[in-house]
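In what comes next, chain A is part of two complexes: it sits with chain B in the first one and with chain C in the second one.
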Partner chain A sequence: MSDASPILRISALTKTFDDFTALHGVDLDVAEGEFLAIVGPSGSGKTTLIRLLVGMDDPTDGAIWLRDQRIDVIPANKRPTCMVFQSLALFPHRTVGQNIEFPLKLRGVKPAVRKERALELLDLLRLPRDYYSKRIQQCSGGEKQRVALARALAFDPEILFFDEPLSALDYRLRKTLEKELKDLHRRTGKTFIYITHSLEEAMVMSDRIAIMRAGRFEQIAPAEEIYARPVSPFVAEFMGEVNFLSLSAGTVAGAELSPAAQAALAGQSGTLVIRPESLRLAPQSADLILSGTVAAEYLLGSRVQYRIDSPAGELTVEVLREDAVAGVGAPVSLGCDISAVHAIAEAEDAAA
Partner chain B sequence: MRQRERQLGLLYALPLSVFLGLTFLAPIVLVAGFSTMPEKVFELTHMPDFSAYRTVLAQGYWKSVAWSLVLAALATLILLVICWPLAYAMAKVFKRFTLVLTIGVVMTLFVSENIRLFGWVLTLMKGGLIEGYVRSWTGFGFDAPLYNVPVIVFGLVYVYLPFMLFPLAQGISMVPDDARQAAFDLGATRWQILKEIELPLAMPGILVGSLLTFVLAAGAMAESKLLGGRAVITIADEVQTAFTYGQNWPLGSALAMVLIAIIGTLAIWAISKADLDAMMGRKS
Partner chain C sequence: MKTSRLASAALLAYGILILAFLYLPLVSVGLASVSKARYLSFPIRKYNTDWYGEALASDTVQNLLWISLKVAGIVTVSSMVVGFLGALAFARYSWRFRKPFQKLILLPIFFPQTVLGLALLMWINALGIVPSWKTAIIAHLVWIAPIATLIVSIRAFSFDPALEEAARDMGATQWQVLREVTIPLLMPGVVSAGLFAFLLSWGNFPLSLFTTGADSTLPEWLFAKMISGYSPLVPTVGMLTVAGSAALVALGLILAWALKRLRPTT
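For the complex of A and B:
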């Protein structure tokens, strides 16, 4: 990210519940204005982490710094951060306008001034101004989402946290709001930290993705890097469908290697990661050649996916419709270039 | 479809409506009828003359009405303040202990109110449980804290506690945890959360509890008779006297009608002031 000092620094943050450790001393730096997504399956510790970050829970050990202020010792209502809840947590007894103005009212801002600000925020979130006096119950799911965002922005936080706010919405609305959120991030220039279990969501919106597993960060990097160079089979699988081949001392069981591939993999042991779309059917030439029979065929709109039984194990291949060749039961040969292959060394594999 | 549902709804409500009409409305109509009869008659066959209402106005019964309302208001306020933390704990903190507490509070209702109040008299009276022990241990006695207005209020608070506690706990359990957390996250202090989030969202429970206790306490007499030793006379006491010793059914009926009118007006006013639907976050 930038060279500037981070807006948020987490160091050796640990959270223990009775005999269960939810967070194992995690470290993280977040740059000013960054959109960071924290992704992990349920139970990975991401919810625990965000609860500590906003102050709804106290860490067992470690520290959280906001610029040069240590905030883990400050109660949530005194921290200059705020969160958009998974449930949105809008106040049902207040109108849209009163919800948005709430943080300003708490600070004793004059009614006229805070109404002005609430109307500006309605504009910013592309809600009609007459929503100001609407009841929360009259809003649709997407509108409620925008009201919750407006309320959080009215607080004017240093960092805005999101706890899976889109998870309850239907697919199309989620897609729309993902883009709006990304756009809002660009326009406000605020630091967003977004918790989700959906990698897709994280990839659309964020600058960097932090993948969590069992209370630790597995990998923190931009989406492309995580996709191309996952540090562990866990991350590779989390980033979508993937083929694993076992690599031992530079040879891959069940595969033919070109001289270039042999040179690249010489002496390495571990796991080879190949994305389904990197494999080609019946290649003219390739660095890594496999063979097998088609076990199943799935049509995915413009693409076709095959499941192939091969001596190297079960493989998944995804090709464009026009490149489709074989039917179920047909023998096929598969190949890919060494540049599309990522090797995860044994040590990292074992640690994962 | 809507129409059909409506008809079915009315049909289902019919048996209970008839039952309520007979058992609830009929006595009131009867009392209303008696209140218009000449004084000291025992039939409804005379010409209505409203002389009983004149007696109510002329004889200073307003004092009893005022005492009943003031005592009931005091008891309701005190109950609101002391029940809020307990109800809060029952709704949000105690978990399984809530059941124990509920059973404990409900158990007291198994024993009649009069007997429980006599228990307090035995406890508080001179030579009773407290004063007697203190005197025998220290040699110094003191006057019983009985037969005054504060002890009547204490009695009302004691007797009507369950009627405030349970509706209040119900109201507080309707306050969503995430709304409270969100308010805290947005910078609210504990007091601001209480004022802006908890009180408004628990308002249906507060209202129901307050109405129940106020209405019951306004019609109470055992506390002022037993604990208060008639330091003040409540309106319910006057009604009973008129019907029994006074043998003046029209006067008792007229007094009862006045009480019903005042409390009914207050209750309807309170309910109409509070938009229950809005408070409960329902669609309007």
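For the complex of A and C:
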């Protein structure tokens, strides 16, 4: 998103620890009001990045701009940003109300005004008002999440950062809170930057996803685009199950190509990416046709997944239950349309 | 698992035996303190509490109490401060010499106190300082401050560094982080370190023996009177010493209870 005036601009940000480089000069623009998710496996540099952004660590090189102000040179407590920590970092020696009021207390806001604001935030986060005088220890996991959010909102930051705050919760609660967070983003209109290792979480909530790998951004784009057109096999795999076929000079080993497919792939070399749900079993007509035998069959509720041994390698196919045909050991043909195939050129592949 | 009647009877007897072993000597000193006799002897023929009146009226005993109290009081406060700062260095902040510091700070605890006392006396003499209750404070601190540091460190290890970072992120200055987060969270540890410091200093004999010079603390006086010139005041003063410790433990328990009522942590 090359917005005319991004709220946050990161340029050539680098962080080196002794002899290890955690961030290799990354660039990023974030638009005002955007919900950006930064996703990557552990050790990809996402935590390092967020710690630089909030000021817990100093960058080795590069700059961070908040609108027209360069913020990497000012200390964490002077930055107009706030973070919800992975551990939530709620003060155990303070009540729910005192936790929410904390940033206001630091600014010298009068107790009555502080309390008014804290109660408003309890309403906003859909917590009962009598939680104001509750102990943190008396709150459930989900309630603690909401208190941490309320406290961050009391700070009224320009940008709200999240460091995997949902990772310690069970699946159902996480799903509920993901939706609430998305809803809160819409209602407050604030800029959210959310770090997670869970792509699923990122896809549910964010406007754009930045995928990190080994201290660099691999791809920054809306979820659908990353899913449909990954720039590298790493991104493709990170976005869920995927089949890779080797493409060399316009031909795919072990596959038959229709004239349309031949024209589309003419002269290209690299990797073909095909999602399991794009492949069809025993197709009437297809641009790319493969054959093989069923090696395994898995029931996934309304869908069935097959693992198929083929001359082109091991393939994964996912079809609707009513389209399931073959059993284990049966020979099958499978295929897909050229529109469902994404080619990653060799150069990009090598760069990744 | 069900215990048979025999086993539970044996357990009960064992428990009583242990308690008797621990507390009977103390009870007998208590009984001796209310004996009318001039010499330590059992069974006690006649009881009275005259020795308590005499002890409290005696200048010697008053002086002993005052010196012991001064030493223990100053050691307590100093240990709390040193323990708090030491625990931050020990457990919270990573710095270059943290590992050696963690090991060296514990070393005095492993020295036999008599050796430590002797070593300190030699240094006090070498520096030309006249030993008194003031030098005993230093000696006590050498041994007690590391223990206080350890006690506060246990607390410091168990607290999430993100709490301080979060406070800072929300706009707190270094001083505000200390006042709003670090000090309140470490306070229970600091209070128990203070309690231990007082008890260890109040009852300390070997370090005091070497370093008080002409002054005398309660334990020193008790020992001196036992080896030469027994006085019927000995068990009485002994019981007064125990009462001092007991009062402090009671105070500590009340304080812990009050802290828990005011704001339950963890």
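The working rule: the second predicted complex is superposed on the first by the 348 of 352 C-alpha atoms of A that agree within 3 Å, B and C clash if a C-alpha of one lies under 4 Å from a C-alpha of the other, contacts with A are read in each partner's own complex, and residues count from 1 in each chain.
Methods note: a contact is a pair of C-beta atoms (placed from the backbone, for glycine too) under 8 Å apart; a residue touches a chain by one contact, two chains touch by 3 or more.
The structure displayed is predicted, hence computed values, not measured ones.
Because the two structures share chain A, they can be overlaid on it, and in that overlay chain B clashes with chain C. In the superposition on chain A, A:132 makes contact with neither chain B nor chain C.
In the superposition on chain A, A:65 contacts neither chain B nor chain C.
Within the superposed three-chain model, A:55 lies in touch with chain B and with chain C [touch as defined at top]. In the superposition on chain A, contact of A:87 is made with both chain B and chain C. Residues 54-56, 76-78, 82-83, 85, 87, 89, 91-93, 102-103, 106-107, 135, 137, 151, 155 of chain A touch chain B in one complex and chain C in the other.
Per the touch definition, chain B reaches chain A in the complex via residues 176, 178-179, 181-189, 192, 196-197, 200-201, 278-279, 281-284.
Chain C contributes residues 160, 162-163, 165-173, 176, 180-181, 184-185, 263-266 to its touches with chain A in the complex. Chain A contributes residues 54-56, 76-78, 81-83, 85-87, 89, 91-94, 102-103, 106-107, 135, 137, 151, 155 to its touches with chain C in the complex.
By the touch rule above, chain A contacts chain B in their complex via residues 54-56, 75-78, 82-83, 85, 87, 89-93, 102-103, 105-107, 135-138, 151-152, 155.
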